[in-house]
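Dropping the structures in below, format is structure tokens.
Each of the two complexes below includes chain A, the first together with chain B, the second together with chain C.
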Partner chain A sequence: MVEITVDGKKITVPHGINLIEAARLAGGFIPHYCYHSKLSVAGNCRMCLVEIEKVPKLQVACNTTVRDGMVFYTNNDRVKRAREQVLEFILVNHPLDCPVCDQAGECKLQEFYMQYDLRESRFRESKSHKPKVVDLGPRVVLDMERCILCTRCVRFCREIAKSDELCVSERGSRNKLTTYPGKALENAYSTNVVDICPVGALTSKDFRFKRRVWFLKKEKSICPGCARGCNIEIHHHDNKIFRLVPRTNEEVNQCWMCDEGRDTYKPVLAQNRLRSPMGFEAGQRTQFSSTEIMPRIQNALSGIAGIDGKSIVGIGSAQATNEDNYALKKFLEITFKSKNLLYHKNESDHPTHDNFLICADKNPNTNGIEALDFVKINTNKKFQAFFILGNLPEEAIKKIALEKKRVVIMLATHDDEDSKWPDFVIPTTTFAESTGTFMNIQRRVQKISPALISPGESRSAWEFFSDLSTYFGKENPIYHSAEAVFQDIVEEHLCYQGLTYKSLGETGKVCP
Partner chain B sequence: MILKFSKNSKTKIDEILERYPNKQAATLPVLFIAQREFGHLSREAMEAVAKILETSYAHVYGVATFYTLYNKKPVGKYHVQICGNLSCSIMGGENIQEYLKKKLKLNFGETTQDGKFTLSSVECLASCGTGPAMQINEAYYEKLTPEKVDEILNSLK
Partner chain C sequence: METILTPNFNLPDSHTLPVYEKTGGYKTLHKLLKMRPDEVIEEVKKSGLRGRGGAGFGTGLKWSFVPKDPPGPRYLCVNADEGEPGTFKDRALLEKDPHRLIEGSVMCAYAIGAAVGYIYIRGEFDLPYRRIEAALQEAYQKGYLGKNILGSPFSFDLYTHQGAGAYICGEETALLNSIEGKRGEPRIKPPFPAISGLFGAPTVINNVETLSALPYIIEKGAEAYASIGTPKSTGTKLFSVSGPVKKPGVYEVPLGYPLRKFLDEYAGGLMEGKILKAVIPGGSSVPVLTAQEVEEVNLDYESLQEHGSMLGSGGMIVIPDDFCMVHALEILAHFYSHESCGQCSPCREGTAWIYKILKRLEKGQGTPEDLDLLIDISNGMAGQTICVLSDALAMPVKSFLAKFKNEFEEHISLGYCPHRASFRTSGAPTYLSSDQLLWSPRFQSL
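Here is the complex of A and B:
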């Protein structure tokens, strides 16, 4: 630890950190463009100049480490003047695209100009022209005129994605960010360069021109794309999701997420979302209301001769939250005294995976559902009544179903081939409409929260089971919140000991 | 097309690599060897260099395009590079530039039809005390006069 003085404030900070981080610890902020805490120091934007006592010239804070007794100023007149001049140079060639630029509203050039410069341009010469709308790869578009050449993206590709696809070519006023001619920016993490671009040079093809950022509301959640459980923010407006962006969790995803994960919101907005319960009336697939469907489910179940707990099974889903799965478990246990708990998960023969974030297990909650004592579908037992969470093809239960008479109740999100066959289909929520928790690959329990109002009559599985058990007249716990479900999980499962819904916080807690 | 370095160049590259802490650090000298061997730094030449240095194409491309001393386009057998900076100009360099243009019937950046000469205007050749100066391939010619230029060009076969 070393003692330093930042703007007159004495503070003890860890040895070896740079002045930007030190100022942050002192509660201050040094504006910067090229510096990023997860990337190597480039020191090229010159925005973070500070005055250090006994050093004649201003120094870049990003590339200066703290020394014991160091006294520096981040906001005195000399520093302010230098910052204005640096900004003036950066803005010399910057186009006035703001009205049509996606970055507007979250642009560091706009922000720092308002905070630190706020002068009229003195530049009367013509601006240098460079390529616009450059197709860098499947997900990223470059506007070279907006680029301030901070090289964050170049360093990201080199140091984090390890693909080294980007470079700055030529020099001086001809400097251009580019991939090697003929090659695309197509690493599995490419959209992160859009997030770390401090200006509007790199934009996401998926998000471009879709919505001004100041309209977006932000909900903290977890990416359901794989077992990593990257912490994300769902950016939404008008009950539609516009993008998923990573949220910092040093223990899970640092501040990155993969491109595949960014697409996980698309099924949420699909046209074929289930909106109302479905059943069969005289052989015809028919819509029912939530209240109409209850007696029909009860009739169908009592129509099976000799039905008891042994012939009823719950099939949970590694895609669903702990709360949804637990509610299913509890419902079967109390209503039918059934302890038959199986689960299904998304599997592909050649799942993408790497040593960084992307896991081969494409389910957000495999650890969670196993902790709730569900076992993977693989049994010789035969069942007659099925409660299934999530869309599942009929083949998946062929081996475990009695052929004669069976009843299948499925809680599905989408109206597709896998939800056309069950006797009853109840519309349920996706991750973006649910409250609850997932347990990731590190056994970290993390909260998701709803960004959208779910379509039609769809609702969380735990709500449905709570209602259904009331209908069956059993003394089931009736849940009014996911938090209450979680509390029951904690009480019943040793591995959750000591956790509360609140204590999970924004970044989750690891189960022993 | 995959370009291959000659045995001679390979030995040189190996010698150079020994002097650097890692392979990527040798990008500049290895690019020069490639330029000597293949005449100019085509994409294929850059890719060959990247492979030898076990680095990315993008890195080599960034370095090669940064330096004007690397020819990214084919040049003639003799690459005539005349200094266009201050010291040479004061010593009559502008006249020599015009003389070369007229004599070779070329503008800067062009190559004769027979592929013998390419004429370029370059920045300071670090020969300010002996201007006007020019460089043909890797040889220096100093204190130029039109007569001397005639003599030099005639000597090049």
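Here is the complex of A and C:
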């Protein structure tokens, strides 16, 4: 630890950190564009100049390491003037097209100009023109006139994605960002360059022009795309999701997420979301209300001769939350004394994976469902009644669907081929409409929160099972919140000991 | 006067090994290899030799920053990327006496413990490149380079690396990037090259002229070298003189030599009919001197600094009084905006902005506010970037405006450039593009 003085405030900070981080620890902020804590130091924007005592020239805070007894100023007149000058330089050739720029509202150029400059430009020459709407790759578009050449994106591709597709070409004020000849920005993490771009130079093809950012509401959640469980924010408005962006969790995803994960919101918004329960009436697939379907399920189950705990099975899902799976388990246990708990997961023959964030297991909760004592599905055993969370793998469907004399109750999110065959289909929620927890590949329990109101009569599985319990008159627990379900999980399963929604916090807790 | 760098310049075939050997070349290597490396560093420190690339940093001191026993290799890089407008003294050394540079390089490598060195040579230098390549071959054949030099345990390999046309690659860390095959951009410091330079290893980068002084220092001793020049500016320095003087060229003089005397005695004075207006004494980036200051100043680090300028690289540009100072500055601004690597915002935007303003001013379309703005832009650039390229334009801008403001004001009040004959005679301005101006006969007569 070293003792330093930031703007007159004495503070002890860890050895070896730079002045931007030190100022942050002192409760201050040094504005910067090119510096990013996860990337190498470039020192090119010159926005973070500070005055250090006994050093004649102003120094960039990003490339200066704290020394014991160091005294520096982040906000005196000399520093303020230098910042104004740097901002004026950066804005000299900037197109100032904020009204049509997607970054407006979350643009560091706007923010720092308002906070540190607010002076009229003295530039009377004609602005230089550079390429616009440059297609860098499948997901990212470049507006070179807006680019301030901070090279964050270049360093990201080189150092984090390790794909090295971007570079700066030309020289001086003709400098431009480009891909290397013959290359495209198509690494599995490419959209992160949009997130770290401090200005509107790099925009996401998926998000651009869809919604002004100041309308967006933000919900902290977890990406359901794979077992990594990257921490994300769901940006939504008008009950629609517009983008998923990574949220910092040093232990899981640092501050990144993959492109595949960013697409996981798309099914949530699909046209064919199930809105009401479906059943069969005189051989015809028919829509019912929730209150109509419940007694029908009850009748169907009691109509099976000799039904008992052995002939009934619950098939959980590694895609569903712990809370939903646990409610299924509890329902079968108490109502039917059944211990037949299987689970299914999304599997493909050649899943994408790497040694950074992307896991081959494309399910967010495989560890979670196994901790709840579900075992991997095995269709050799015969059952008469099935409670199924989510869409089953195809071969399992074929087997179960072919069985005569069986009752299948499936909780599904979409009205597609896979949800046409069960006797009863109950509309349920996606990750974006649920409260609950996933256990990721590190056995970290992380919480998701609903960003949207789920469509029609769809609801969480735990709500459905609580509701259904009342029709069977047993002493089933009636849950009124996911948190209550979680409390029961904690009580019953040793590995969850001591956890509460509150103690999970924003970044979750690892189970032994 | 005893010459240290140029004694062989007038000998026929001075670039060949036999001529260099005949004048005592490479003999001092025997003496060198009997010294301890730290003794060599000490000797160079005592000589007072300062870097001749422009910054004037103590050479021995620079070497002493290299760690004594680092785990990996150490490197020597020879900066032969001479690109500062007005400077052509290294080119003369490379063409006329390449073996002196090679011998000096061996001495430096021995002192810092480098087994490999690179001569980073400006891409446009064709003859110098061929001469140094031939000299390297000769030196290898005679055992002055390569394994076990002169039978000693010391081995040193020296390679050439041609630049590709960027002025910025003469900045020592951009030079390192360029050798590594990276984009020629200066690196942010720290770390300094002496700690982490070429390929991350401790590296010394020395100018051609600096290294060429070493054979003399090792042969005759630090005292002999330090006795030349002034107490703080020891030894001799090459000056390359261009402009309307009778004998433009490269001359070696002891530091401390009066500038006016130098112009008259060495450069032969101004051409007939030309009147001296200004001198840029040390390469285009240093502040300009007025004719009055030329009378007072001596050619050494201290005297030039006292007069608000710098010794720099010794590239001396003589400007006669019929040459437009606004135009001269416009040419400089074009050069620096073209050569800025563009990574730091103040330099990338500032140099181009200044050039745009000056282009307008030179056409007579300026306003009085432009002059204040030029100063303000320069202040925002100077000292606020990774390397000193932005200072290299800021300094001339400020000095031109301080010393020749009347010419700028004249352009503004007249609404045209009073030096443009075409305008005065025809009344219709015919403007050339700056590229054309750069190569126009008028510039060459400068």
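What to note about this one:
Criterion: the second predicted complex is superposed on the first by the 500 of 512 C-alpha atoms of A that agree within 3 Å, B and C clash if a C-alpha of one lies under 4 Å from a C-alpha of the other, contacts with A are read in each partner's own complex, and residues count from 1 in each chain.
Simple rule for what comes next: a contact is a pair of C-beta atoms (placed from the backbone, for glycine too) under 8 Å apart; a residue touches a chain by one contact, two chains touch by 3 or more.
For clarity, every value in this text was computed on a predicted model and none was experimentally measured.
Taken together through their common chain A, the two structures put chain B and chain C in a clash. When the shared chain is aligned, chain B comes close enough to touch A:181, but chain C does not. Contacts of A:447 after superposition on the shared chain: neither chain B nor chain C is touched. Applying the stated contact rule after C-alpha superposition, one finds that A:165 touches chain B and leaves chain C untouched. Of the two partner chains, chain C is the only one that A:93 touches; chain B does not reach it. With both complexes superposed, C is the one of chain B and chain C in contact with more chain A residues.
Judged by the touch definition given at the top, the superposed model places A:63 against chain C, while chain B stays out of reach. According to the touch criterion, the shared surface of chain A, contacted by chain B in one complex and chain C in the other, consists of residues 167-168, 170-171. Listing the residues of chain A that touch chain C in their complex gives 41-47, 49, 57-58, 60, 63, 82, 85-86, 88-90, 92-93, 122-123, 125-126, 128, 148-149, 151, 167-168, 170-175. Of all the residues in chain A, the ones that touch chain B in their complex are 157-158, 163-171, 178-183.
Listed in rising order, the residues of chain B touching chain A in the complex are 43, 55-59, 61-62, 65-66. Interface residues of chain C facing chain A in the complex, by the touch rule stated above, are 166, 168, 183, 188, 190, 337-346, 348-353, 356-357, 360, 373, 376, 379-380, 383-386.
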